[in-house]
């Protein structure tokens, strides 16, 4: 089941650089683990921002919550979620 | 080059049903033609709405404008566009 | 799987009263059918408005879209959707 | 008398982890006490967020204020309230 | 139980003057009847607008919905509602 | 001359409790003094919030500014003001 | 007593040109009459718009309402009002 | 050439009182100097706020930027600007 | 003197095609005339929309108002204006 | 390929003056380097603000992201981006 998830990162200005680097490293590892599992199906940078557009493929709302709330950057992001489903005009097999 | 495009359809309440049906049929044919050409890479319905989230893959901004302004439903939609690029944490080949 | 759905009805001022009455009657019958099926789990009026707050219980996003887009009042409503899941502090069995 | 209450938690980034844990523990105990009393009738997590959707069942506006302002997380939340009443199409006994 | 209710009137430009006058006359009679009953406790014009700020005193949310949805201008107004209760610093007997 | 004034309190999270208590005590004393003078005619808590809805009765805009800017909580509040006047449908003597 | 009043004109597209011309002529005559009386103290066009910024000098909120609601364009304008008073740094005699 | 400028002051809560006082004193001196030069033509307090509405009379956009960015409170204000010009219905000589 | 002007076209759905075509033709001729005069210095389409971003070079606010209000599409556009001036980091001669 | 980029600078109030000066110096040098390369085609100050309107000319979305995210002020700015393309009414060679 697919969800569009948009994330905008707002790191506090006073966060020490090494703390930020450590969180980002964990975020990247976690994001790649979820991609390898097929749960984070797409991940794009929004050009000109510290933000992304993502497509998650999860079993249900509960799994979506578990995956997103475990993001190392979760406390520092504005996140919006939209449930997706197959569009009647889509011809792509991987659009659902 | 990828763009996220979100479209929300607002048909006028007074539009005759056959006019609406004809426009929607042309919209579907056009959407499928662009998908076949690889230019409309993803197309999802936002659940609970008459709206979609799409990923376009175009040569440049000019082609994006040509494709979107030619949509039969173009005069009846609120459309928002965000330029995308490869995210440094993405592992998917088709995310760029 | 649960979703909060909020619906605000905006009937066109020019709609003949008998047309409005017929649409509302179909809406009511459909809403009660979905409630009997257990898919529309809660339905409240927002006091002081022509709007409701609802809880839907569906198999997935696809079913949510099917149920909502089939509402007779669908073309005349502003609708917003939020995916819900079990809250770790809830003690109610029927909160998931 | 029912109210929909939406709460979004915004803990200050500088709050020590043990302070946050203590406040959250008190919040959970209090939330469960109100649920046991029948005053916090429903409590759902919004998937992909640190937020909830709740249904309160209180004697009147005064009790709503007393219950909400006593939440341990009250100073750290954006809260919105909507008064609810029975919807004429509802068939559920517990929708009022 | 008190509610602040704000109403902004938006009559359609095409409404015949005599229809508007008849609706407004019924609105005025109804507003005065509710004031006489003690249910519409305050009614002020917002200076420079076709809008009002009102204080309703009702038994519960259900009565609030009944009174507001019966307003002759109800289909033509943007309405917002806020539940009120006694403020701990108020010294006025009639503030609750 | 009447004004609706809405105040939302946002105390900084880092403010020491005794400082907050002292400011609130002064605010309460001041609010009651203005009520005794007849200048702060109504004061209601918005249920579920740290906010109030008030009606001020002042000689003119200048006095409104003097009274509000002297509030001990003034630097910590979002404040909105709407000028009020008699509504042609009001029957209450104290609505102007 | 001074108020800043901002007005944005939104004439319906279907209004016949002669009707619009007649309303605008009455608006201009009325605006000039109020200026001659000293009640409409300033009137500026916002460059690039069909909108104005005005300063009204009235006895009280009631007079403000009477003057604005009598504008021939009143039903076709978005209007916002802000009460003004003397600024402690102003040196201009005519700023109050 | 005239501009409407609206300024809302947001001093950081942690700013020492003597620092704030010194900035405000410089702001006042500078504001009065610009008024004496005829460049800051009007300056009003918005009643119930720490904000002002001003009319600047400058040679061009460049001078507007120079004057505003030199305000001692500039780093602490939300500022909005609207270009003004003569309104065809104005009869005041000093409205342009 | 430069202004950024953004225009979003909203033609009424009921406008006959030949009327729209005639207005657009006049708009194009007028836009090109202003460009030839050097007053409309840049004109770009916003990709994926019926909107443009423009840079006007005018003598003053008055000329800006004259040029924009004379646009054949003026009654059908949402228009926003921002005054521009030379940026201290610009190295382009034509940025002022 | 052209993009309109708007940047609003929000330096933290607590940033030491010499740190701010150093960041601004690097920002200026970088901005001028990109202008010399032809990638930052226009750069204007918005009068009355600490903000700019810019036109970037880049190979694609990826380059836009690289250039903007490397701005020394990037962590301290609100940035919005709009893709541009040639307008059919433009006569300027340098509008694409």
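Each chain carries a letter (A, B, C, D, E, F, G, H, I and J) given by its place in the written order, and its residues are counted from 1.
In this text, a contact is a pair of C-beta atoms (placed from the backbone, for glycine too) under 8 Å apart; a residue touches a chain by one contact, two chains touch by 3 or more.
Every value quoted in this text rests on a predicted model; they were computed, and no experiment measured them.
Hopping across touching chains, the smallest step count from chain D to chain G is 2.
Steps from chain E to chain I, taking the shortest chain of touch contacts, total 2.
Chain G and chain I have CA centres that are 27 Å apart. One finds 45 Å separating the Cα centroids of chain C and chain J. Chain I has residues 2-3, 45, 47-48, 61-62, 64-65, 81-86, 96 in contact with two or more other chains. Across the assembly, chains come into contact as A-B, A-C, A-D, A-J, B-C, B-I, B-J, C-D, C-E, D-E, D-F, E-F, E-G, F-G, F-H, G-H, G-I, H-I, H-J, I-J. Listed in rising order, the residues of chain D touching chain A in the complex are 11, 13, 45, 47-50. Contact residues on chain I toward chain G in their complex (touch as defined above): 3, 5, 12, 15, 61-62, 64-65, 68-69, 74-76, 79-81. Here chain D touches chain E in the complex through residues 1-3, 60-62, 64-65, 81-86, 96, going by the rule given at the top. Chain C meets chain D in the complex at residues 2, 4, 27-28, 31-32, 35-36, 41-48, 52-53, 55, 82-92, 94-96.
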